[in-house]
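Read through the structure below, which is laid out as structure tokens, and then see the notes.
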Amino acid sequence: MTEAELAQASRLVEALVFAAAEPVPARAIAELLRMQRPSGDEALPDEVAAAVVERVRQSCEGRGVIMVAVAGGWRFQTAPDLAPLLTTVLPRPRRLPRAALEVLAIVAYHQPCTRAEIEAIRGVSLGQPTLDLLLETALIVPRGRKEVPGRPTLWGTGAAFLRQFGLRELGQLPRREELLQELPEPPAAVPDG
Amino acid sequence: MTEAELAQASRLVEALVFAAAEPVPARAIAELLRMQRPSGDEALPDEVAAAVVERVRQSCEGRGVIMVAVAGGWRFQTAPDLAPLLTTVLPRPRRLPRAALEVLAIVAYHQPCTRAEIEAIRGVSLGQPTLDLLLETALIVPRGRKEVPGRPTLWGTGAAFLRQFGLRELGQLPRREELLQELPEPPAAVPDG
Amino acid sequence: MNGGPGPTTGSEAPLLRLDGFEGPLDLLLELARAQKLDLARISILQLVEQYLGVVEAMRTVRLELAADWLVMAAWLAWLKSRLLLPDDAVAAEEGGDAADLLQARLEELARIRRAADWLRERPQLGRDVFARGAEQSLREIDRSGLALDVGQLLGAYLAVCRRGAGRRVYRPRPSGYWTMQEALERLRRLLGGQAADWCALERFLPELARTAASAPRQRRAALAGTLLAGLELARDGSLELRQDHAFGPVLLRPRTDAMQAPAPLSQVAE
């Protein structure tokens, strides 16, 4: 790609990611770039697409709106440091209560798991409001049923979980062993425990 | 404002306009900038707010996403020249209503035929909306007039009919006799000279 | 038993805070943390005694205590007996296993708490970072196409024909015979542009009745109709008819003004 082509491709990727309601997978970006080539059949290596994405990402660094990798794709979001000011003018959804966060953590680490398993770990029953809240926000989703008597539903985290917490994939969660030591600084600094 | 302050103010405005659900009025921008000042009460002239907005607008020029003034304020949108490349057209073909389908079938097998003949075969009158729909889609077209009192229009199938059904010629449709071995002649098949 | 140390040392009324715990396990974890930061090194026996102390103290103030607190207390009392005075090696092993189990449960709960904290600290969408507020649809719906295939078309046609067939039972079938009225119209039309030559009556039959394929009855009806129409037109003077001999061809020609009065009808007819 010439510099001019690269610049135009960057504009296109920027617009695509900006317009999409969900994070845009790298694959979709590469496809768009391929389609846009004068000879649509000509192979556009994935590295070139990745380079264009990286160019866009860098061009946003330090701005008020940045491009981040999340939930298997790319999205624009406001820079985290602006949150205190923005929240004064933007509507804020209610916070997740402690119980909901704990249930979410259990599901994230033990998925797929049943309600009974969740309750056993916390040592208390799972309140309906908590379950409703997690389902409503699609932070947890049903993942089939466990083949035991009663066939209870198995729960797992949904794509909304990754989006909500800005995670690219579940693998970005701290490892189990790390949890009882000093926690790594979010998002993914080196653990020092 | 110092250059650093101006840069930070631009980031904030960019983030606000990006995250807001509605176009952001200049007034709201000025208010946010005032709040951000260490001394919140200090008057921030509107011109300064306007300068910050202009700075953000210019910083987007030539990018894939631009800031534009629309009714009610500022908002981001994808650059107009990119829209055709990004827009996905979803074909949602309509279904023909039953009546139109029947009329079309009659015309296909009895063309050229008059409205009265179509009505005689269907046994109900042919509503204007049905006829209009078929004409609009060019599935049927006028094929001259019948030399009887009133000189009614004769209808036949158009080229769009063949295209729609992927036919090379009308002869590719199954013959009437193949479809209707046991059925008597419909009234319109009566010889009329 | 030890007096139960509150979950937070120095708190003036730790017992009243029992309701603040999410169940017995929560309290146990809190008690364990008060012992040591490293859960792997806490004393299970001490923990058991602390829990039993809290529950006992609680029962002196309040009569009722949720069942799960008592169930846990009973289990821990059993565990304590196994850990303190094992009857035999088997009981001692049981106690050890149960202590390990409790340890593992507390560690898992602690892990989950940390994970929940970690999640809470993440910049959250809609709380700390914001996605685009306004929707921008880049989808266009194209309604111009038609969901229509040959199968539908044929189905519709069959439906129409079946419906029509059913209905015609109650209707007199159109005869399809050539009426005199039709013959009159046809004769007038054809004779209009015709040279004043004699023509056979048969030539004025409708297309259909002239072909061999048509039914004999239809053909005879057409012939009769045309003859009658010819007679009618001869009577009002617009054409002439003639038959040279019996069963010979009936001839007709248009009458022009220059011609004489028509031959008497009676002669021709015979």
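The first chain written gets the first letter, and so on, giving A, B and C; residue counts start at 1 in each chain.
Convention: a residue touches a chain if its C-beta (ideal position, glycine included) is under 8 Å from a C-beta of that chain, and two chains touch if they have at least 3 such contacts.
Keep in mind the model is a prediction, meaning the values are calculated, not measured.
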Quiz item: Per-chain C-alpha centres versus the global one: which chain is nearest?
Solution: C
Quiz item: What is the chain whose Cα centroid lies farthest from the Cα centroid of subunit C?
Solution: A
Quiz item: Between subunit A and subunit B, what's the gap in Å when you average each chain's C-alpha atoms?
Solution: 34
Quiz prompt | subunit B and subunit C: spacing of chain centres that average the CA atoms, whole Å | solution = 22
Quiz prompt | Multi-partner residues of subunit A (each touching 2 or more other chains) | solution = 18-19, 76, 78-79, 86, 90
Practice problem: Any chance you could list the residues of subunit C touching two or more other chains? | Solution: 130-133, 136, 138
Quiz item: Where on subunit C does subunit B make contact in their complex?
Solution: 130-134, 136, 138-143, 145-150, 152-154, 156-165, 167-168, 174, 176, 182, 186, 206-208
Exercise. Within their complex, state which residues of subunit A touch subunit B.
Key: 10-16, 18-19, 32, 35-36, 56, 59, 62-65, 76, 78-79, 82, 85-86, 88-90
Practice problem: Would you pull the subunit C residues touching subunit A in the complex into a rising list? | Solution: 22-26, 39, 68, 105, 107-133, 135-136, 138
Self-check item: Touch list for subunit A against partner subunit C, complex
Solution: 18-21, 75-80, 83, 86-87, 90, 92-93, 95-96, 98-99, 101-102, 104-106, 108-109, 121-124, 163-167, 173-174, 176, 179-180, 183-184, 186-187
